[in-house]
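After this come two complexes, each holding subunit A, first together with subunit B and then together with subunit C.
The block that comes next holds the complex of A and B.
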């Protein structure tokens, strides 16, 4: 029964999402939010079912003897489930009154793209998924009106550079793949120089979306310029999807040469962590600060990729899941405050007095990002650093710990500002937003106190990719 | 797993206190009472129907190490759990009446529920990892509750003092946990008890004993307990006499076989005896109604350590169980009396009954019990100890403590009793609400009924009972009555200060002990100052690091100037740099 649900239900649900994205939306279609939410929840449930039954592998697509296009294994099932859940939370915080239908259309397309990337078994579908994600995000930002144009154009420019570099990289290794399948390429016949060039191009193309220095300078501008919910989307979904693409390309397709690229990841991880944290220190706009904090988190995640064994990778994916919930929660609070015209750190004063829930929630999200136990961010960082130490990469672990120190500075600055009491008027939060923030809080606290189930699920799903 | 459900009602009540703020302050108390009663019901169910056994829950695993929490339903753990669950609703009910200012309810009940949850977790934990979680919870809630009236500078200072002593024990316990986990790969009580003697075991258990000394306020860490009486009286009755301070003793009782193997029992015996001596001597001359009881608690705890040191498991457990009831009862009485007299704590200025006969009657029951007069339950602990004494010196010491106890506790009772006739302290007495009387009456019944534990505990816990002869019982009662009679003859006319001047000159030896504390504290302070000096360098290092980071951040900032051409250029530069790096490496 579950097999049938996953086998037929998942494609059907994604197709429904795509149809709703392409066709059904009307400018004032109020029901579209509900529809998108239901479909996404259904996909999350189906992903959970697939994960629960632990299907080793099966393929979808492949017409007339050509290789398969999609696959469902525990890894993709896990991320289908998590990404859909996070998208539902982002849908809850979205409150763009004008042109709701159009927003939901682009939002659904982002979801479709992200799911395609996760489920892809072919580099071509992976590429299409990435393109769908970034193009729909550009359109969703443009939907916000004239003052969003700058952010949209910046994102458009860099993502078109990204995708063209990606295609170029793909064209170099194309002859050696088995019909674009995501499987280790045959190393016979391919020259080292060609492979290296292609790998660097892949890194460049994907690092632009994943936010790795020096390919991420666009990030703070776009994050600050976009609507709050789109920022949450960019940080919570787009970036994570890029990491999953990096994982597929480097640890599956180029798996045999991974030892060659691991040092590159190591250097990039250290630079990215330092860049993100040092830049975040000098920001006054909280949204921009969180954008740089998100960059530093990309560095932590890349640290796990640099370790390049099962422990490191599962730590990285644990951190990816943790950061999805932390960043969506934090951007939700920041977005809600931005609606009230509260943007700078100085204006956050007295937030504990004005709305206790928002203050406590933002504090917990920030402490979690800084890596304070017993929150989920701590577990992620703990796993990452211990995997680095376990493989003898002490410099990497040390850099990570130093950066955790630095990050306390700017998170603490915001928390301290919130605690400075002034008796201004209370701020009220709408229910959907409160619900979304509450969901993120529950996930972060519960999985921070009792992380073992998720750790083992992530570990098993990463293992399943390699078997 | 089942055991952990006991925590759920109190934790829910804790959340309730945290979340509902404005209008539902009154209900926090009722919710807490209901939650603690629910816990009690679950405990009774478990005690009746649950098989003994240990469950392990994997908390997290990393790098091949598995950290698991273990809980147990062994009967000795069930005994402590039952005691905690039994006392907790009584204290919650008492507090309903005790706090007149309703605005204090929310914070008080939140902290009390958290404490009850920690204590219950402590009761059922079967390895060091779950135990240390509870242990830390006990420490922090104790700190919060001692300093509950933080606006009073004494309360704030007492809270600070208690936490700074308890933290020594916390660190020691953590170190013990790490040593044991490193050495044996497990922290389970049972598998550690079964290990042969080795240096890690020795080191770990020295640290455990150190932690126990701080938590149970034993010499040389006994100073914080009397000062902890600055907290509200329900707190003193719950934390600082009947449950929290006995956590350490409970650990020692669990580990008697290991301590015996390591030869640490004589040390524990000696320290316990010193603490009991300090407790009795201070109680003899005290004037603060709660502080006398606190010194008496020191004595009880010291005697429990003596029982552990004598390897007399059953005597220790008898003392442990019966002390819970009579000490909680006496504290509640003290709270009622002083509240009725308008928050007066000096026994020379109090009237005994607080305008309610029941307070006096229950106080008398408690006093008879603590003095060890047959047939009240406190007698069991005393006689059990005297039977277990291994040498004539121990026996004489115990008899002296016994006589001293009879003396100071009746002094505690007689002085306020005689005060009632004195002219200068006439004033209006505040009436005591039913919610305060009821727990006292119930506790008095428990004190009387507590005698039954002698008959069913040995078979329930599966340990050897004591053989009590009539001669021993009669001798013990005579000693107790002797102390009483001395107190009666001295205080029958209402004199109050005679003791320190006349009969017991050696009470002044307290000063000597305090001198020792001061020297010890000065020594620690010197070390701290040195460390603080070193700390300044660390601080400067961090300051410089922070300064440098900010400086670099400000320079880096110019990189992101809002110009998308620049961003694209940096993408190209990055690509080129990586390419160059790879080319030159190949």
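The block that comes next holds the complex of A and C.
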């Protein structure tokens, strides 16, 4: 019975999401939000069921003898579930959109794209999913009115470049794939030069979306220019989807030459961590600061990819999940304050007095991002650094630890500002936003204090991809 | 026995209850929880003195993929140090925060800090040690930044910067130990047994990392620059807990380091040199201060240096002396900070240039300060006398007469503190009027600390009776 629900329910629910996404235009009102929320929650639940019953593997699509398009395995079920849950939280915080129907349409399409990437069994569907994610995000930003145009155009230009580079890279290795399936390609006829070129182009195309240095220069501008909820979406979903694509391309499709690419990831990880943290130190606008901190988090995640074994990859995916909740929670608070025209660090003074809940929540999110125990961000970093030390990559681990020390400088600046006294009026938070922040807090604290269940789930899911 | 687990769970429950309770009741609730925890610690002390055996509490699986257990040791280190944490926190809570509007935060943070301190002193593996370390650091950060006064925001940032540097080095060192042990383990017992097999180069690296981390926390020259501003700008309760207990985190960690790593013996002669430099540096710096809180801060730095000397002596006298010193100096410093804080509250100043004739209007505070000087300088019948005796016997045995040099720094400290007391407290010819006549609940808090100091001064068996 449950097998049937998962087997047919998951594609049906995603199709329903896509259909209602396309059909929502010009409709306003609460009901579209409610519908999107319900469908996303259903997808999260079904993904959770698939994960709980531990379905080994089944494929969807593949009509008339052609290779399959989608697959469900513990790894994709895990991320279907987590991404849908995070998107429900983002839906909760974006309660105040003006053109609600149109926003929900683009939002649903971003969700569909993200789920397609996670579930894809073919490089073509993966590419289409990535494109759907970024195109819908551009349109969602444009929905915010004229002052958002700059951010939308920047995102549009970089994501078009990204996808064309990706296509070029794909065309180089295409003859060697088995009908574009996401499965290891044999290295028989392929020359090293061609493979390296293709790998570099793949990294470039995906690093633009994932915000890896040196392909990150668009991020701070777009994060600052977009609406708060879209910023949460960009950092919480779009970036993570790009990491999942990197995982599929390098650790599944090009799996036989992983040892060739791991040093590339090592260099990128170190540069990304330092760049993100050092740039974040000099920011005064909290949204920009979080944008750069999100770049440095991409560096930590890459650290796990550079280690390139099961421990490193599961640590990276643990950190991806942790950062989804931390960043969405933090951007939710920052967005709420930006609505009240509070943007600079100096204006955060006295937040503890003005709204204790928001102050404590932002403090916990920031401490978690800085890697302070017993919070989820610490567990992620602990797993990452220990995987690096366990494989003898001491320099990489030391770079990571030094960076997590640097990051306390700018997080501490905000926290210390919030602790100052003030005589300004109290601020009130609407219930939906409070609920969303509370959900993120619960995840961060509970899985920080008792992380073992998630650690083993992530470990088993990553393992399942390789079997 | 699960005593430690019960204590920590109780204190954490206390934090939640205090946060939820009414502001006026919060102090009483906090005192209730803290006294129950102290009572449990006393029961444990009596039980172990009777039984005479040192036992280890059973382990609960926590993060099984890393073989991490929740395990607490009840031994000759953890019981006296938990008593120190319990007594100082209870005294701080009884003393209460005269800033009524922040009383709830004061109580909650003090209980959180007490839980972290007891957890750290009793933790049976280095992972738990690290978790409790960081929780204590963050709790103390808010005692400076949120509850403190004066230039507290700048000093809290400096404090956080140094503390997180210490945590980063600590984490790296702990992970190195874990991965280079013959059988990977975080357990302190296992590391003591197997650390001789760690390669010497790694041992040196671990020693350097952890030594710097613990030097920052003690603090010891040249990593002390966060100390004087943090101690003097924290709230009175914050200074008591940071000076009395938090600095012992570093001392206890260093003691463990010398017990765990055989290579520490090689570096012991350098360590005693650092201790001598630090003691005299602090003593001479103290002579330049007229701010009484800063004077006490430097006195505590001199005593940290004495503890360091005791630890570097290795062997039974040095070790016992270090533990005795941590407890006795911790109580004395807490008493000094409490009385100076009360003087500042009542007279509106803490400078020896301004204060005159405190004894006339606030006799109990004046005599508490005098007794604090006795306790800090090691007058017979106070605990510090026995601590000094043990430490210097230990250092003389290990290093010869060189080991006795730090003794003269206490003379400087004592002379200057007596001088300060003479001109601003006991000189009644030129009295000054109180700013506020409302008094805190200081007398019972003084009584508790004085009683504890005399008790361990008269009956060393409480601490030395374990062997």
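Operating definition for what follows: the second predicted complex is superposed on the first by the 461 of 467 C-alpha atoms of A that agree within 3 Å, B and C clash if a C-alpha of one lies under 4 Å from a C-alpha of the other, contacts with A are read in each partner's own complex, and residues count from 1 in each chain.
Quick note on the criterion: contacts are C-beta pairs under 8 Å (C-beta built on N, C-alpha and C of every residue); 3 or more make two chains touch, one makes a residue touch a chain.
Keep in mind that what you see is a predicted model, and the values were worked out from it rather than measured.
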| item | value |
| --- | --- |
| Partner chain(s) touched by A:398 [first = subunit B, second = subunit C, both, neither] | second |
| Which superposed partner A:413 touches (first subunit B, second subunit C, both, neither) | second |
| Contacts of A:367 with subunit B and subunit C, given as first, second, both or neither | second |
| Partner chain(s) touched by A:452 [first = subunit B, second = subunit C, both, neither] | both |
| Touching partner for A:203 - first (subunit B), second (subunit C), both, neither | first |
| Touched partner set for A:191, first subunit B, second subunit C, both or neither | neither |
| Subunit B versus subunit C as contact partner of A:259, first or second or both or neither | neither |
| Partner chain in contact with A:385 - subunit B first, subunit C second, else both or neither | second |
| When both partners are placed on the shared chain, which of subunit B and subunit C touches more of subunit A | B |
| Where subunit A meets both subunit C and subunit B, residue numbers | 382, 386, 390, 405, 409, 450-452, 455-456 |
| Subunit A-touching residues of subunit C, taken from the complex the two chains share | 61-66, 130-131, 134-135, 138, 141-142, 145-146, 153, 156-157, 160-161, 164-165, 167-169, 171-172, 175-176, 178-179 |
| Contact set on subunit A toward subunit C in their complex | 352, 367, 370, 372-374, 378, 382, 385-386, 389-390, 394, 397-398, 401-402, 404-405, 408-409, 412-413, 415-417, 419-420, 450-452, 455-456, 459 |
| Of all residues in subunit A, those that touch subunit B in their complex | 153-154, 157-158, 161, 165, 192-193, 196-197, 200-201, 203-204, 207-208, 213-215, 217-218, 220-221, 264, 275, 277-282, 311, 379, 382-383, 386-387, 390, 405-406, 409, 450-452, 455-456 |
| Sites on subunit B touched by subunit A in the complex | 58-63, 542, 545-546, 549-550, 552-554, 556-557, 559-560, 562, 564, 566-568, 570-571, 573-575, 577-579, 581-582, 586 |
